[in-house]
Amino acid sequence: MWQQHLAILPILVPLLAALLQLLPWGDRPQPRRRAIGLLSSILTLILSIALLVQVNQDQMIVYALGNWSAPFGIVLMVDKLSALMMLITAILALPVLIYGCYAEDNLGSHFQALFQFQVMGIMGAFATGDIFNLFVFFEVLLISSYALLMHGGGKFRLRTTLHYVLLNLLGSALFLISVGTLYGVTGTLNMADLATQVQQLSGDQAALAKAGGMMLLIVFGIKAAILPLHFWLPQAYSTTTGVVAALFAIMTKVGVYAIVRVYTLIFGPEANELALIAHDWLWIMGLITMLAGAIGIIGARDLRLLVAYLVVISIGTLIATYSLNGVATTGAMLFYLIHSTFITGALFLLADLIAFERGKTASRIVSGKKMANHSAYSVMFLIAAIAIIGLPPLSGFVGKLMIMESASPTGASFWLWGAMLGATLIMLISVTRAGSKMLWHTLSGKANEQSAPLGKRAAVVMLLSLSVVMTLFASPIRNYTDDVAEQLYDIDQYPSRVLIKGVE
Amino acid sequence: MLTTVLHIAFLLFSLSVLMNFWRLIKGPDLPDRILALDTIYINSLALLLLLGMYQNTQTYFEAALLIAMFGFVGTIAAGKFLLRGDLIE
Amino acid sequence: METLYSVTVGILTACSVFLILRGRSFPVVVGITMLSYAVNLFLFSTGRLTIDGAPIYGTQETYADPLPQALVLTAIVIGFAMTAYSIILAVRARGEIGTDEVNQQDNSTEGNR
Amino acid sequence: MNLLFIIFAPFFGALLPLLFKQASRPIKTGITLLVPLFCLVVLFQYVPATLAGEVPKQMVEWLPGVGLDFAVRLDGLSLLFVGLILGIGVLIIGYAHYYLSSNDDESRFYSCLLLFMSSMLGIVMADNILLMWVFWELTSISSFLLIGYWFHSSDARRGARMALATTGAGGLALLAGLLIIGHIAGGYQLDTVFAAAEQIKAHAYYVPALILVLLGAFTKSAQFPFQFWLPHAMAAPTPVSAYLHSATMVKAGIFLLARFHPVLAETELWFTLVTLTGLITMLVGAYFALLKHDLKGLLAFSTVSHLGLICMLLGIGTQAAVIAALFHIINHALFKAALFMTAGIIDHESGTRDMRKLQGLMSLMPITATLAMIVAASMAGIPPFNGFMSKELFLDQALQQHLFGGLSWFIPILATVGAMLSVAYSIRFIHDVFFNGDYKETPKKPHDPPRMMSAPVALLGFLCIAIGIAPMTMVSGLLDQAAAAVTGSPVEVKLSLWHGFNMPLLMSVVAVIGGILIYLARDQLFTFNRQFDGQDAKHNFERIVQKTSDAAANFYERLDTGSLQRYIAFVLISVIVVLLPSLSDLSVVTGGKPQLPVDMVSMVGAIILISAAFATATLHRNRFVMLMMLSVVGLVVSLAFAHFSAPDLAMTQLVVEVVSIILMILALFFMPQKTSRASSGHRVFRDIIIASFIGGIVATLNFAILTSPFESISDFFLANAKSGGGGTNVVNVILVDFRGFDTLGEITVLAIAAAGIHKLLNKLKPFMPSSDIDGRPWHRIRHPLMLTTVANILLPMAMVVAAYIFLRGHNLPGGGFIAGLIVASAMILQYIANGVDWMKERFSVNYQSLMSFGVLIAALTGLGSWLFGKPFLTSWFTYLDWPVVGKFEFATALLFDLGVFLTVVGATMMILSNFGKMTTRHRPTHEGH
Amino acid sequence: MKKLFPTPLLSFFLLTLWVLLFNSVSPGVVILGALFSWFIPFLFRAAWPNFAKVKRPDLAVVYFFILLNDIVVANFKVASMILRKPRSIKPALFVFPLDMKEELPVTLLASTITLTPGTVSCEITRGRKGILIHAFSEESPEEVIKTIRNRYERRLKEIFQC
Amino acid sequence: MDALNQLPEWSQWLAAFFILLGAIFAFIGSLGLAILPDFFTRLHAPTKNTTIGIGGIVIASILITSVQGAINLNELLIAIFLFLTAPISAHIMAKAALHTELKMFNRTKDFRQEGDSYKHILPNKKDMEP
């Protein structure tokens, strides 16, 4: 029975788990909540894999909620892209949750439930085929992120949370305005239906829809942290706890996903008057975002801030690559997206471990005491650094190579190449600088005694090993992302698969 | 005829609300403003009822009922704020 | 009527935006709340304005567009949740930081200190 | 056996020393040595084939989509380098065994060394240019680890980073170049690239490709102006320098030039760039070599100089020049490795490498001195050593080129000068250290090292002599094939020590004599150069990095001031910038739909709404008043909803408004109630401008939408609400049925918010004013009598109303959400009237569970439809006709709505009760009523 | 019986409310209403303090009509005052000494005072001894106190038998 | 609208009367709020007049709906709730006004004695007196 409901299960499982976790569980609720959380995350992972397999078979799963088919009811539209994103989320969530179960969840109340809610929101945002429902899931993931962000408390965390919250509330308002505009012009909310409607617009109607579409760009830009909307990110990611930051590695990708979805399906190459309305902006903003991120990492004096800016760079890369608007580039971009999600997640966790074991100097990029597990972290850092910078042979390099290779040398791509290579160099210099200061330039004397639990380290290793896996199986993964991109650009199939018009 | 009367009533109530609002803006003290706000609520209630009569529909009844029930909660809260600062203690 | 309506929505938006640009958490939260009112009005009006056409099936011939109403209802609830969260976040910030100003007083950022 | 083993063995072999971390040192060394020896064994299987002119190849697919495959080849050029890498590698490992002290982590050293070896082998054997690049960067990484081996020393750290930065940067340029080449050639396999040589040279992108490739090569090989990193890499342990900076890594750049010779060379640009760079590098390197007081520094710059020489030869690019270059690669590797090892021995034994402190070591270390003199002579180009031969070839080539036309004569002259300097610093190396008077005090009393430590030097010295005496037997076969690979045509090499009296010999003689003279006049040179002191590349590099970092940090601090307004302004300005063009596309703002007439009530409503909005904005410093204005806005908005046929919205808005205002008043208690003017005039002006733009955009959009004709999916809802959803209130049916998933999400949001607020209020010690803003203490009565009484009476009434609203919601305005808020409001009133403690005594409901159950009920209702094989949230309804009761409807949507109801009550009450609890805890109890 | 119907009057009152809301006396509505009005008091019994019981409902009805009448009459009076000479009114602030203690009657009395135009009950003074009244008119406080006592307080005492 | 004009004549008159009554009183009340001199006097205006104002409207509403079909009393609930809640809000506002010691209209006669109204707990009473 469950196969036919596969599309919604990765949303429902975390939801139910979170609700169960919210119930009082006696005097010592935490072990039980952890058990529920882990169980749910494992289950979600299995389900996401199953979903991916299923989608691969059927091309696309359209799940009509309430048995009301599109465009009238809400449908989940799980195509290959959605399935892929959901799988990434599930894979990322598990090690992060394992990490979190080592007392990280005791820093404040409801961590476990909020974690599951967060996963639910992300899953829903990836799965839904309805633009207003996308808004709802954005809110679900945002409100859980608001709560998670200040997990552990503290002045700075509060301040950045406040910034993050208020900025995103503004974003939500803009989202509503754009959804309203689109509805006001097209009279529909389903994305596939919007695609067909938008194709037929012209004149003033088109201009209105364009305004709505462009406002969406700002909305998603805030989520994806594109310049100049990215300011919330560095502070937010660098001040929150490592485990939350690691989970948030997927959050910016939700924004990227939304951009890809909307500006391919709705305002994509086949939208006639409104074809590719955002791509020029995305191109420029992507490049500038990379630049901004690069400047950020040069200036960063804290490892976590550095990693946060690395996220900004990767976002810029993704956006700029996407804006080249090709199947191959998009396929390469998706590969890079997978890589950067895992590796930034790993880096945030690693930075957290290092900060913990260093003691007073925490994650600041200064020389400090030796750590209890110094050499282990050095090796992990080395691997993570190689991966994130994009040096061979790990996945970062593979991803970058794919992007550069797919963006065949034309005028535009040179800029992309230049930006990517320049950013790589800056990353190389800054990250090695940070690493050598923190891991090599140790004060003499005894090592710090506090040692992080093995499980936390194992979680980081799990994430890092994903990079190795991605390197070894780069070819099959890339083939899959190419499939994804191909499907994504095959716009005509969406309406025909999703919409069943005229059903009374 | 009834419609004419309703129009007059609309006019009077609208003017009332405007005057209340003027008081709300002018103050001079917080209790004055609270009072003005409370009155705006009640006049709005009347407007809703009038609208219901005018359109000969029952759809506004619940909204009016809610104003009658909870319009004063805001007033109470504001008053309590002035008295005790903390509403829920 | 439409002109009046849109001008009102515009002004409401402008005033909220002005508030959101203030430097203290409370006005900003109020601004966000007011913005959500404006946005709700906007979203509501995308079904066009109808007078005396409440979408209760069977009461008349023409109805107002019910879909935006449902959307706005959802938006109101979400907006309420967000308002509640942000206002209490502001309280907490005030409690821990000691001021309700949203910005750091010194210009350096924490990560860089 | 497989060619790939040669690369993979050291790669995975790098794990061996780590696995045997606990073993004794000899065992570790032994195990490590096994790896290159194994590689040599594999190599020898292929040597005959290669020497016979074949090119053995192997390939494993990796990334066929990108064109990156694991393809390796073993042509003559590769063989030459593989031999050097493995051969010298073996010697280095043996040498390092003695060199490293007992404190050093030998495992890590060997591991990195093997890793490096693997990457180096990868470069020279790669049959795919992208694969070559992969290894290229791997050498950068592993050399970084090796140079930084003694990471507790700041020199080592900085030197390592500088090396990595420079070679890494070059590597990235190289990648771009390779990609361009690959694109032009249509593939990245070497054969494909070679085949496309003419195409590439003719292509518009040839120039950038060439420059990018050269950048990679020059940085790696420390060519001018990138020579600066190499001397600082000398902070590495000497075995590393001996290996990386003589035989292997720096040669990678040269290798690259050689490898791409068939593809890129023989153009004007290539000649000019490569030759000139080589020439300058040779002179600059030699000059600085002479000036260095540090033994390894001298050797480092001499390496730069010799690399320049090779580079220049490759630039000239004739067959003879290529042979000379390749020959010199071998010779240089031999004598320079030996020299580095010697320097290491001296350092190891005496404790210093400073030539100003060393002298007269001849008597103490005779064996070392003898070996040193042999290899130094080779470097200086004294017959009968191998260095002499390649230098002669070089001078000959310098004479024979005519590429600069009339100005070509200056090349041989400068070449002679370079040779002269080379002689001079070679003399300095020998004379200053081993002679120059009697032994002076050094940190350690030196003596000859253990025999096995000087054995590698001896072996290399022997090779220098052997090649010098019998070049044809030793190397010509190899050179044949290597040169063939570089030039792309078969080559027959002729080498001999003696060419007869000719111009090159004369130049050599001049060079030797001149070198001696320069050495004698060295003090003047030192004095001359002292004025340039302080121009240390490392410090420059550090300073630049530091400055850039500060500048970047500064820039960011200026851009990102941590100011929320700025972030928000950026967002809003982006909105304006992005939207204005689209709005300007609107030809007419009005869509032509006839407008409704304006009635008076709406007019008044608009006036009040607008004024209240303005008042809210302008009175923001008096917060309580602002709240009241906000509540007017909320009220008028709900009236507007009512007016425009949305009773459900009006009700929801009303109650939500009440609850939010209460929340805000609650919050205001902990906030300053009045604030002083904070923003400056122009800030306010800026904000007004932004606000007006945004307002204008929204109004324009709104107006354009309102007046344009419209067709939507809503007709479907109107048509199907009754028949498909079982309710006449279409809005409610949409909420619980058509778009029930939204509602599920929305109550989830509410639940999360409540949980998040609980988290926020946890452990919060709020700031609690004990008096109001005028300094008046609070009123003594906490719970006024009348209020409590009426609140108590109202509560059950509100429940009845809620039940009514809830039940009729499906058919008439109302529903679970509003009902929930009604109950919540009544409860809030109770809290206000009676206080937290009173409520706690009477209602032991766990709001959190209530809320969770609410969402659970809603979700489980949705799940229930699975039992009937229907998708999630499919609703079902029926009409029942019971006796007495009559006909009524039952719908699962009602259950769903019940979930909504419970969630709303639970969440709202959880928020408020937590808030209340927080303050009560801190408040001393005193007289009630 | 007592356990089953803890507050019969309240239940009845709620049922009335229910019927009024639905505006129908069809069996379905009444049965459902009865169910609710039986059930809700259980939910809120804890929050339903021991209010004084209405002992004489008949008098309560009388009281209601007197109140209505007074409201209408006083309204005209106050309205004329506002219209004629808003600046020449003579307000007064005085205490009405209470003769009863039960909270429900006191609340009702205070509400009555507020509802009848011209007087507002501002505060219930310490120890529930009196009600602080702000009067709009120029009548003397004694007169107002007498009216209140005779017209309202006495009747309330009778209704609640206290 | 048409439906309204088809009502029986008497009911139209009656409804019109009540509507006008309510509207006029509401207007006067609001006028009073606007022009009366101090808070306490202003307090009288709306709490009374809007109460009867609403009463009139409610009666008219009941009349109109009842004449068209079955007796419709549910608007009565509005009046009931309002009668229940309006005094409380007035009461609380008055309390607040007394507490904040608003300036009273100068013709107000204060018959209060010490201890009649709740004063603040003043640990340092002197400081608070103006």
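Letters are used for the chains, namely A, B, C, D, E and F, taken in the order the chains are written, and counting of residues starts over at 1 for each.
Quick note on the criterion: a contact is a pair of C-beta atoms (placed from the backbone, for glycine too) under 8 Å apart; a residue touches a chain by one contact, two chains touch by 3 or more.
Everything numeric here is computed off the predicted structure, so don't read it as measured data.
> Which chains lie in contact with each of subunit A and subunit E?
Chains that touch both subunit A and subunit E, as defined above, are D.
> Comparing the two chain pairs, does B-C have more C-beta contacts than A-C, or is it the other way round?
Result of the comparison of A-C and B-C: A-C.
> Going by the average position of its CA atoms, which chain sits the greatest distance from subunit D?
E
> Counting only Cα atoms for the centres, state how far subunit D is from subunit F in Å.
Measuring from centre to centre gives 69 Å for this pair.
> Starting from the mean Cα coordinates of subunit B and subunit D, work out the distance between those two points in Å.
Comparing mean C-alpha positions, subunit D is 60 Å from subunit B.
> Compute the distance, rounded to whole Å, between the mean C-alpha positions of subunit A and subunit D.
Subunit A and subunit D have C-alpha centres separated by 17 Å.
> Distance-wise, how many Å sit between the C-alpha centres of subunit A and subunit B, to the nearest whole number?
48
> Counting only residues that touch at least two other chains, what does the list for subunit A look like?
Touching at least two other chains: 132, 136, 139, 143, 146-147, 150, 153, 159, 162-163, 166, 170, 177, 180-181, 183-184, 189, 234-235, 299-301.
> Residues of subunit C that contact two or more other chains, please.
20, 25, 28-29, 40, 42, 45-47, 52, 54, 56, 59, 67, 71, 74, 78, 81-82, 85, 89-90, 92, 96, 102, 104, 109, 112
> Send over the residues of subunit E in touch with two or more other chains.
Subunit E, residues with two or more chain partners: 17, 21-22, 110-111, 121.
> What's the complete list of touching chain pairs for this entry?
A-C, A-D, B-C, B-D, B-F, C-D, D-E, D-F, E-F
> Considering only the defined contacts, which subunit C positions touch subunit A in the complex?
Per the stated touch rule, the residues are 20, 25, 28-29, 32, 35-36, 39-40, 42-43, 45-47, 67-68, 71, 74-75, 78, 81-82, 85-86, 89-90, 92-93, 96-97, 102, 104, 109-113.
> Residues of subunit D touching subunit C in their complex?
Touching subunit C: residues 553, 556-557, 560-565, 568-569, 572, 593, 595-599, 602-603, 606, 609-610, 613-614, 616-617, 620, 623, 626-627, 630, 633-634, 637, 640-641, 643-649, 652-653, 656, 659-660, 663-664, 667-668, 670-672, 675, 678-679, 687-688, 690-692, 694-696, 698-703, 705-707, 710, 712-714, 717-718, 721-722, 727-731, 734-735, 738-739, 742-743, 745-747, 749-750, 752-754, 756-757, 760-761, 764-767, 811-813, 817, 907, 911, 915 of subunit D.
> How about subunit D: which of its residues touch subunit A in the complex?
61-68, 130, 133-135, 137-138, 140-141, 144-145, 148, 151-152, 154, 157, 160-161, 164-165, 168-169, 172-173, 175-176, 179-180, 182-183, 205, 545, 548-557, 560, 562, 564, 566-568, 570-575, 578-579, 582-583, 585-588, 591, 697-698, 701, 704-705, 708, 710-714, 716-717, 719-720, 724, 737-742, 745-746, 748-749, 751-753, 755-756, 758-760, 762-763, 846, 848-849, 851-852, 855-856, 859, 863, 865-866, 869-875
> Contact residues on subunit C for subunit B in the complex?
52, 54, 56, 59
> Mind pulling up the subunit E residues that touch subunit F in the complex?
17, 20-23, 71-72, 74-75, 78-79, 82-83, 86-95, 110-111, 113-118, 120-123, 125-126, 130, 132, 134, 136, 141
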